[in-house]
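Next come two complexes built around subunit A: one with subunit B, the other with subunit C.
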Partner chain A sequence: MKEGRDSFRVLGDVVILYAENYINDIEGEKLEDMCEAFLKKGAKKILIDFSGTDLINSIGVSILIGLIEKVRDCKAVVFFSGLKKVNYDIIDLVGITRHIQVFNSEDEALKEFEEPGSDLLV
Partner chain B sequence: MALNMMNPRQAKEETVGTELSLERLVFHLNTLAELGDEVTSPREFSRVVKASLFMVMGTFSASKGVIFSYDGEKRLFSPVASKGLPEMGQTGGAGGGGVELKLNDAALKEALKCTAPVDLAGEEPIVRMLGPGKETLDRLSARLVVFLVTKDELLGLIAINEKFSGEDYSDYDMRLLSVMAQQISYSLHSQTLLTRLISKYNENRELYKNLSRVYYDTIHAFATAIDAKDAYTKGHSHRVSSYCAVLAGEMGWNEGDVEGIRIAGLLHDIGKIAVDKSIINKASPLTSMECRELNSHPVVGYEILSKIKFPWKGIPLMTRNHHEKVDGSGYPDRLERAEIPLGARVMALVDAFDAMTTDRPYRPRLTFREAMEEVKRNYDRQFDPDVVRPFIKVIRKEINGESEHPSIVPFLQEHLENAEVARILEDFPR
Partner chain C sequence: MKDRSIFNTCPDSEFFGRSSLIDHMVASASDPDHRHPGIILSAKRWTGKTEVLRRVHRELFWTNSRVIPVYYQFKDSVSAEEFAEDYIKEVVKQYLSFTRRDPSMATLQATAGGLERLLLDNDQLDLAAFVSRHLEARRASDSRAAIKNAASMPASVAKISGINVYLILDDLDKSREIGFDSKGRGITGEFSEALSMGPFAASVSSTTLPPEGLAGGYVETMDLKGLSPGDASQMMAELCRAWGVGFDAEILGLAAERLEGNPMYMKNIIWAAHRKGEGLTGLKNLAGLYVEAVTTGSISSVLRSALKGVVDLRVLRACVKSEGPVTRERLMERFRLNEAALSATLDALASMNLLEFDLGTVAWKGDRVTEDFIEYIYSTGVKGKSPEEVKTWLVRDILKEGFVRTSDNLRTRLAEELAAALKSFDGQTVPGLLLRHGAFARTLRSDDKGSLPGHPPQPHHPPQPHQPTQAHQGVTLPCITGCFDAAGMEKNETGPRILIAHGFHNRRYDSGSEVVWLVGVKDSAAPVNMGDVENFIRRASILVDGFRTARVVKWMVARGGFSEEAAERLDRDGVYSTAAEQLSLLRKNLAAPTGVKKTATGLLPDKEFEVVLPASKKAELVAARAAGEISTEMGFDEEAIGQIKAALVEACINAFEHSKDRSTRVHLRFVAAADRLTVYVSNAGIGFDETLLKPTGRDQGGLPHKRGWGMELMKGLMDEVRFERLDGGTRIVLVKYLIKKPEEGDERGAR
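Now for the complex of A and B:
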């Protein structure tokens, strides 16, 4: 999460979660917990924005997989956006990109959410 | 359009395929380095083991995983970290519930030989040996199990499910998991050693407590025996011990030294064992020979106690010099001021104070006012001012109810009013 920015934003029916600067520690579970909290409130469209994230490591991957599983369990949809190349390469390497859609920016992802049928399950 | 949807899926296969790309290698090397840092870090064990599990799961994109620790005595595997398994309790939480795993003897024996991960979908002999344990692992959706073994000791196991990516586990994955498991074994081994050490420490501490209890009981029995020689001095050694300890505490002594003077107080009159009972209890003035015999008790006590190796320092000398006076007129060594061990100066005051405030064969007890007048009269002559001042402080605190465990005032056989005590103490030299 960029300094001074909120950790989440709700835009219509989309919940945007801003990931921390580093998702390389079990503290990163906060992101998973926050996502779970919104899912419990009934959120069906989740966007995780990584534009403020410099590093995702294996712990981060594990957290993101846990998050995707929770989204699936709640029959919701999650998009990722703003991933730096190095981070995209990592989530691609471990196969996460096979399961969710990744966008260059938050705006692109939000536009996609507006498209009919975007709430298809991941 | 989504980045990962711009190209046909086949294109992605190149990246996520089983071949060992440079990116994959770098990712794994980084993970191994981070795992090494984690398992050797001084962080809390539960945190280390949880982070280690996350690293394993992230490396192989597993969505469910658990690390069990093995208790050789109970012959039971208990979860110490898990993720993605609600049946284990809090996701990623450490132990404290969840599914436990029991393996039969044959499987346990085989596990010690298993240096590589076991594919539960495979045909390895150990899979058949797991028995009901296999059902438990199936319930946890486990696909791979790797036993954590160090120096022929089974410490636990890691179980993870199928890859989230949908790929199968490759030989390379198996080798990598084996290396990661070895690193995690070190952490588990250190924790096992620490647990054993703590258990041993607690056992020894209990033993030490029991020994100390016997030690104290013996010393208290000695003190009672010493005081029993004189009908008038019943409880004297215990009171001197208690007064010494509270005064030393007020003077800022450390816990060990306070304990030392408490013991010295109990034993300070041990030399009286060698003095004839008729002399100790004589109501009339003593002859010079009787006086010499009675006054020999500090030296006799010193000789007895200096043969004992106490865990506290200074006990024999405190005993020897508790009748010295700061002006050099005491006995047996006629020491002056700082020549007299501080503990002996403390003891000299409280010993005299207790003698004054209790009945003796040759006179009734003095009142608190009379005793304090006597202390004042002998201030800087018999008694060390540096000891008298804190002694007065202790009395004031006890009278004012500021002391949690009053040790002196309750033994005085008179009711003291605050105002009266204040008057008695107010003109004491400060």
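Now for the complex of A and C:
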């Protein structure tokens, strides 16, 4: 996560989570916990933005796979955005790109989501 | 921060390779169920057993509350009463030190009377009674009572405090020297009983004569050897850095091998280099420093002192020179010695762990350094040779050993040289003679003026009737994108190694232009014969099946050249053939691959960087940072730099995960060559099981497996990934080539 930036923001019915600079076991789990918390509150559209992420390691990748499973279990949808080339290569190598949509930027991903609602969080 | 030192130990930065042993001993000591047996560390002198025991004590002192650690080092030439007093004082001081969490108490200088008063002042009446009994026994000159009182003290301390005492007895075999009665009985028997009361650790210098009473007991005996070559080289490198001594990694490796990983020897050599202002940068430096240290320098002084009990130099050297065990009778007969005289020498050597007795025979088990020292004193003292003559012989021996090792390395480099040449092909055109050995050899023979291969003979030279003009025509080489060893694709095959290079012709990166070069490498002085040719052609034809869609080119490269018959057969079968001298010319003909910088004198030389990672949070990012700096400097593009960093992070995580010991360090060596970056990642691990590094876990809902992606990522991000077993650890080797990338651009379809 870039310095000074919040770790998430809610835009209508879309929850945008901002990933940290290095996604390892600890940061991966933080991301997963945050995602899980929003899913419990009923979020159905989640965007994870990796524009502040320099590196995702294999443990981080494993956690992202688990996160995608959880999103699916809740009948929700998750997009990734802002991946640096190497991080895209990494999630592509493990096959994640075949299961979720990846966008160059947060704006592109948001356009793809449906019209935003405003009643996600009370 | 509180000072953690209790007894003297060397700086942590100079202590290597024993962490797992220390962890095991600490775990054994602090096991609440006391399931572990006592531990006896058996080791040659100066291998660091005292250091290990003191660190076990320190660890137990600061990190456990289940046992009271008591460290005691047996001393030479003391009477039973002196020993008893010293021992009681140590137990009391260390008990107080542990219970008060005050390390300074452990090294308090106090008389027995002073300690008695201290205990009385602090209402430690039970303990004060022990000191009082000792003082009474001393006044009555009753050694036996003094020893019994001392030996029973740890068990009583445990009873009084409710906490077990963990005895750490250094140089336990010296206890044999301490007699307490007119029959010369030693104190070890008393101690055996005391040790049977609870867990303990002890060190001895000899495995052949275990302390009496312990041999048949519940004891785990561990042989403490010198450091592994990897740890030893690392330790020497650290010491060189600390003392400002220049070094070459290969020379340190050679020194570590010669010194058998003995920390005392290694420190002495580096200290000698520091004192003389020399570096360990070449074989000659190493040989000079080693011979001086072993013959007249610091190592020699230590060995002289240790061997002073050896009365017969001839017997000593006979044991060293004997290729196998010798009988005592043979030694007595050869040197006309009686049993007593022979025993005096043999017992002295056995007590130093230099000899091993077995069924009436004697075998040398000392180290190489001691052998060299004995050779020096024997040759100068008995044979009457001059010191300079013997030193010269020793220097030559080291130089010879070094050259043999260097040549071995050179031999292993042929395949590397070849791989480098393949990576430099880059679609260039080279003279055909460099790939056709028969024609190349005929050209050399016919051209006594030495026209260079690649430069057709001058017009005044008549063309040779058997020389096919096609051989001189240029050959356009492909752009190679990857190169690996065929060993993984072959089963139960013998013969020359085969490398597989994959690439594209005419700089067209499409499936129609794909090409595979199968390259047989014979890395020996003997020329390739018909048997080698048939072996290669047969194996290549099997391997070809794996590349049905690609064009396949076969090539044999040999250090020792080709027999005429073999070269002709290869020509007939359309197989390229290149000897070492052709390969050298080929490499000179090839321009460096795109992105490689040149200097006025040619390609930039290899640069090496070393980084040692401690086992700490996110240590792998330090490695990634270093890789980023080095690869940027080398000219890699941003994408490749990202890939190198990500792969290295995986390698480091694996190195830490698979290490024997969580506190181990991971050692990184970056070799920046003209055409590639190679990163060696090594640990002191139990070895990597590649099956564990493959994706595992459930595969639910079509999603990828969850775990074990490290290996896949490394392979996907780097050009080459391989695992190498090392003595005492494992090494992952990551290679990234500086190759011009396809111009089609990024093919991220989904984005």
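Rule of thumb we're sticking to: the second predicted complex is superposed on the first by the 112 of 122 C-alpha atoms of A that agree within 3 Å, B and C clash if a C-alpha of one lies under 4 Å from a C-alpha of the other, contacts with A are read in each partner's own complex, and residues count from 1 in each chain.
By definition in this document, a contact is a pair of C-beta atoms (placed from the backbone, for glycine too) under 8 Å apart; a residue touches a chain by one contact, two chains touch by 3 or more.
All values derive from a computational prediction rather than experimental measurement.
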{"item": "Fit-or-clash call for subunit B and subunit C when the two complexes are aligned on subunit A", "value": "clash"}
{"item": "First, second, both or neither for A:Val77, with subunit B first and subunit C second", "value": "neither"}
{"item": "First, second, both or neither for A:Val14, with subunit B first and subunit C second", "value": "neither"}
{"item": "Touching partner for A:Lys85 - first (subunit B), second (subunit C), both, neither", "value": "second"}
{"item": "Touched partner set for A:Tyr22, first subunit B, second subunit C, both or neither", "value": "second"}
{"item": "Contacts of A:Asn104 with subunit B and subunit C, given as first, second, both or neither", "value": "both"}
{"item": "Subunit B versus subunit C as contact partner of A:Ile46, first or second or both or neither", "value": "neither"}
{"item": "Touched partner set for A:Leu93, first subunit B, second subunit C, both or neither", "value": "both"}
{"item": "Subunit B versus subunit C as contact partner of A:Gly66, first or second or both or neither", "value": "both"}
{"item": "Which of subunit B and subunit C A:Ser58 touches, first, second, both or neither", "value": "both"}
{"item": "Part of subunit C, among the options 7-15, 43-51 or 151-159, whose backbone runs into subunit B after overlay", "value": "151-159"}
{"item": "Footprint overlap on subunit A, comparing subunit B with subunit C", "value": "24, 57-59, 61-62, 65-66, 68-69, 88-90, 92-97, 99, 101-104"}
{"item": "Residue ranges of subunit A touching subunit B (in the complex, touch as defined)", "value": "24-26, 29, 57-63, 65-66, 68-69, 79, 88-90, 92-99, 101-104, 112"}
{"item": "Residues of subunit A defined as touching subunit C within the complex", "value": "22, 24, 55-59, 61-62, 65-66, 68-69, 72, 84-90, 92-97, 99, 101-104"}
{"item": "Residues on subunit B engaged by subunit A in the complex (per definition of touch)", "value": "1-5, 9, 12, 15-16, 21, 23-24, 27, 30-31, 34, 47, 50-51, 54-59, 61-63, 83-84, 91-92, 163-167"}
{"item": "Of all residues in subunit C, those that touch subunit A in their complex", "value": "618, 620-621, 624, 638-639, 642-643, 645-646, 649-650, 653, 695, 697, 700-710, 712-713, 716-717, 746, 748, 750-751"}
